[in-house]
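In what follows, structures are represented as structure tokens.
Next come two complexes built around chain A: one with chain B, the other with chain C.
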Partner chain A sequence: MSMRELAVRYGFLVLLVALVAYFAIAADGFASPQSAVFIFQSVAITGVLALGVTATLVVGGFDLSIGSVATTAMMAAAYVMVILEQNAFVAVIACLLIGIIVGLINGFLIVYMRVPDLLATLGMMFLLVGLQRIPTEGRSIATGMTMPDGSVAEGTFSAAFLALGRHRFDFFIQNLIPVSVVVLLVLAVAIWFFLEYTRFGRMMYAVGSNERAAQLAGAPVKAYKIWAYVISGIFASIGGILLAARLGRGDIASGNNLLLDSVAAALIGFAVLGAAKPNAFGTAVGALFVGILLQGLTMMNAPYYTQDFVKGIVLVVALVFTFALSNAGRR
Partner chain B sequence: MINRRTLGKLVLGLIGATALMQAPAFAQTAPAPFDNPGNVKIALVRYLSTGDFFQAYLSGVESQAKALGVDLRVLDSRQDAALQADMVDQAIALGVNGIIIQHGLTESMKEAAQRAVDAGIKVVAFDVNVENDKIPQVEQSDRDLARLALEQAIKDNGESWKAGYVYVAGIAPLDRRNETWVEFKKKYPGIEEKAMFGTLDNPIANSVANQARSVVTANPDITVMFAPYDEFAKGVKIAVDEAGLSSSVKIYSADISTSDIAAMREPGSAWAATAATNPAVVGQVSVRALAQLIAGEDPGKQVIVPPTLITQKDLNDNDIKNMEDLSAKLPQFAHADVAMPAWMPNPNKK
Partner chain C sequence: MGEEAVFRIADLRKSFGSIQVLGGVGLELHSGEVTVLMGANGAGKSTLVKVVSGVYSLDAGTMMLDGQSFNPQTPAEAIRAGVVTVHQNINDGVVAALDVATNLTLDRLNGAGASLLFNPRRIRREAKQVADRMGLTVDLGAQIPDLSLADRQMVAIARAMAHEPKVLILDEPTSSLSSAEANRLFALIDRLKQRGVAILYITHRMSDIRRLADRIVSLRDGVIAGTFEAKPLDYEGAVNAMLGRKVGLGQVAVRDGGETVFFADGLRIAEAARPFSLALGAGEVVAITGLVGVGKTALAETLFGVRAPLAGTMALDRKPYAPASPRQAIDAGVFLVAKDRAENGIVPDFNIYENMNLPFLRRISRFGVAQRRNERAIARRQIGDLGIVCRTERDDMATLSGGNQQKVMVARWMSEQARLFMLDEPFQGVDIAARRDIAAKLRASADGRATLIFVTELDEALETADRILVMSEHTIVGEHRNAGLNMERLLGEIAGQHLKGAA
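Here is the complex of A and B:
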């Protein structure tokens, strides 16, 4: 293996290890199990969203609506529990249904209405940002809130639902690993196995790399594409559930920052192990990379604007790894 | 046209009748033109309107207008600066006696406000500087907000502690709150700012929670978090809870909402106190200042609505669950004695 190939393949992972080593020395309290868990927790929500968007990238599409799907699911969970006074189970089902329905509509618009993916999901993004405000006339949802008609909402976030954001499993140390981290890890392994080792997943890659060839080979291309958006919708709604459980209320939010961070994680993932294509393992590492960087910088008192700056640098470097170096290697 | 005019008269008549019924509420005979308030028309020209704060502000404007018995028109530009200026002209054409300009951009509103003044219409402005000596400014005092919260922090924790501070520069109210923080640090050299962080990435509470978690891990000796915006405080509270430090860190903030009240009242909550101005009261004060102007009185160049300190103990002792309870049980939060001449009806008096 030449130096260049080595650099392309392992460069990013080496960078990751170097970063961890640097922060462990430079930032007090960085090198501890709690801190490691916390970094996972800070990227759990964007990580889950990023894994979903990876599925759409695999079929050569894109989903701009994930951020707003997540915040809409958060509002829906709050609405179901606080205003309709239902339990945690109903709230989770409602969120997942929203994800599935949005995914189906996105897929339908793109596959059957032939709307370009960016435009269809952009439209969906705006639609959802508006939709989540309609039931409460633009108010955030919290227990004891006053409804537009003057009555007071009596429901509360159920303890079981809040546990999704706050319960911690014992792992060597008591109360170490939060539920959201477990969800992230399980989903990451599941989508990684699905994309790499199942026929369905491999076919999705085939659709993404050459749609026409896949079609001529007899693959139901349309179905695969719609499934990709449904997966993305479901993952985004799971992200929304985790968000609602962490915040304990329904917050009016566009979710644009969630979208941008998760897309960045997925794109950084292209560079991991020189894959030069969307892949679940890379996405998870990409999300982790951004998490380590941001938490380390915050521990060292770097102001917020340096964080966006650093995120941008990481993304650009990752894209250079992906496109310039790996292509040159192949030539 | 005739139909609309008769309808207008009918509405005015009805409003006049309501005002007559309320007449005993007037402590003193109101000066002209409020002796016949049905003939007084005022307009609220808004720039910002979505969100809990603006909803509450509007309800305050409406309740004071109703108490006065005047005819209120609400013109909402929904964050369109050009439209907002046009709406001032529209209000002038409607022949209103007074206009409240609620938020907006100095550049777009300055000339429109001047046109209204030139047309002999009285104008007050809330949270927007239209650079006009004839136009009083209604303001909530951000410096007082920060001061009240910090004074409580000193009362609770003494004069020397290690602090975490949440701040994003470039947002006007946060910048004004920051001035007070800087003064306090100078006044009390025992206060040591160990970390400053903050972000407006939405959902803000979630992003701030991630940052705050790092900060408390890196600086376990922080005992006071000053987060002078409630979204910041929510984020810090989540982080402190997750890190298991709820008993060793106290959070002081500004602003309040129903969900903030729930967070402050959680058992063992680290959120000790917040200072807030009631947006409904700000709305009422805006109308009262305008009414004083129309009656030929001078409300002053700056009409400042004082904030209220709300501690965890206040909430628990009075069993306050939401904003309505807060207004009902903390009278200083429900009413501000600002722009209250003797003839002014008090909408909060039942």
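Here is the complex of A and C:
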């Protein structure tokens, strides 16, 4: 293997390890289990969304609606529990249904209405951002809020639902690992296995790489594409559930950065192991990379407003790795 | 007819890297005449057109226009000198966002002396002059997307004619036109001839050639293989020169088909095409040959469930067969190695074994999980069987030669037993050794299934098949047993002899 191949393949992972080593030495308290868990927790929701959008990238599409699916799911969870006074189970089901329905609509628009993926999901993004504000006339949802008709919402977030955001599992140390981190890890392993090891994942890659060839090999191309958007929608709605459970209210102003952060994580993932294509492992590493960098810089007292700038640098460097250095980008 | 050639090419050569595409082409175009250029895929037609129209520069040779040296460095230079090309893709000749009038005068909006302001009234006035001169009846205010393909073609040609060219090159202008639309184009070409334009007309359609040609030039492997100008024109000779035949072909040991595997009755695959029947027996290799654009791929796609026939019935093993998708065709045992592997076959992100196992992953998988060890074993066996030259089954497709890539495409469909195995242009972009390997493998494995190959090159049919069917105008016009066959009749059928009465 030539130097360049080595650099393309392992460069990004080496950079990640070097970064961890540097922060461990330079920042007090960085190298602790609590710090590690905090990093995972900070990227859990973005990571879940990024894994979903990876599925659409694999079939050669894109999903810009994930951020607004997540916030819509969050608002729906709050609405179901606070205003409709239902339990946690109903709230979770409602959120997942939103994800599935949005995914189906996205897939339908793209596959049957032949709207380009970016445009269809952009439209869906706008639609959802608006839709989630209609039931409460633009207000955030919290227990005790006054409804448009003057009554007071009496429902509360159930304890079981809040536990999704606040419970921590024991892992060597008591109360260490939050539920959201477990969800992230489970979903990451699941989508990774699905994409890499099942025939469905393989065919989705085939559809993304040469749609016509996949079709002539007997693949139901349209179904695979729609499935990809449904997966993306479900993952985004799970992210929304975690967000609602963390906040404990339906906050109209939250989740602004979700879309860009998760898309960045998925694109950074292209550079991991020189894959030069969307892949679940890379996406997870990409999300972690951003989390580690931000945590380390924060602990070294870098001001919060530099965060987006740093993310941008990482993304640009990763894209250069992918497209300029690897052979795959060269075709 | 002009005695002196208005445009003359001599000993034109062009290479790309180490590959010589044009090896000394000589060609003359006369004022007021249509010279038809024929050539199979890869013969060098497009390269020749691009050299003449200034897209490529020539390596060696001379071009003379009106007795003066002509060597354009850019397409604009060629147009200014009076050589105008209308390219094959109709939509390259018109700008869809603008109306007809603007399209007709588009070339006046650029260059020195063009007015800074866009004056719609003047544009309309100039466009009307252009249209009137050409007898163009299209509404000048119409938007391009609202026009039929034929009308767009007319606009593209009229736009080209606005330059008052001495030489007009038409690259397969009828390839997407219906016959009624084509007739309007022919009328326009007749008018251009009267105006003294020298026309180089590139086509595969024999009906076009019979209608228009004053002279035929056959291009083969980058050289002129024959020029035909004595009346009446020798169409069969031209086709023969274009397809070429080498002496000392490896003759196949012809076998007759066993029990009928596939049968089609009253099949119609294009509007206004004559219905035909098709019967394929077990153990025989049947080749369908014919010029480009006569419906070979359409037939392959009909049998493979990509498109539905307009009429007729199909039966596989005496059971009704009407696949609605490639998946259904595959499940019934009908496989297709599609033509143009880069477009329709290869998944570029996949390595050899992933490419090979694409259609039959379901069988290799257990509970949806692909069994990689099993996959790789299958791939290794196929690599050995077909003699694919590679390091391992995990190599990238891009590292393989064209012939080996094609072998992977064939191997993709050979790990399962087919009932009907079809290959569309399986020898395109394949070196001679790989071509022999593939043909030998096809014949050796032919038992127990029907094998159908679609080839334009007659040689490939003669080297591979037991039976040769000829297609023309989207129907089957001839059948030959590949032993002591009547070559004259075969070539006549390819050249569309049956069209004579019609033309």
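Observations on the model:
What we mean here is this: the second predicted complex is superposed on the first by the 323 of 331 C-alpha atoms of A that agree within 3 Å, B and C clash if a C-alpha of one lies under 4 Å from a C-alpha of the other, contacts with A are read in each partner's own complex, and residues count from 1 in each chain.
Rule of thumb we're sticking to: a contact is a pair of C-beta atoms (placed from the backbone, for glycine too) under 8 Å apart; a residue touches a chain by one contact, two chains touch by 3 or more.
Since the structure is predicted, the reported quantities are computational estimates derived from the model, not experimental observations.
After alignment on the shared chain A, the placement of chain B and chain C results in a side-by-side fit free of clashes.
In the superposition on chain A, A:52 contacts neither chain B nor chain C. In the superposed pair of complexes, A:233 makes contact with neither chain B nor chain C. Set against each other, chain B and chain C touch different numbers of residues in chain A, with B touching more.
By the touch criterion defined above, A:99 reaches neither chain B nor chain C.
Across the superposed structures, the minimum distance from chain B to chain C, using CA atoms, reads 32 Å. The intersection of chain A residues touching chain B with those touching chain C, taken from the two complexes, is empty.
Within the complex formed with chain A, the chain B residues making contact are 50-52, 55, 168, 195-199, 201-207, 209-211, 213-215, 217-220, 234, 238, 241-244, 257-259, 261-263, 321-324. Per the touch definition, chain A reaches chain B in the complex via residues 27-30, 32, 34-35, 38, 41-42, 45, 71, 74, 133, 137-140, 142-146, 152, 166, 175, 178, 243, 246-249, 251-258, 294-296, 298-301, 303-304, 307. The touching residues of chain A, when paired with chain C in their complex, are 197-200, 202-203, 205-206, 208-210, 212-220, 277, 327-328, 331. Within the complex formed with chain A, the chain C residues making contact are 304, 306, 325-327, 329-331, 336, 338, 343-350, 354, 358-359, 361-362, 364-365, 368-370, 398, 412.
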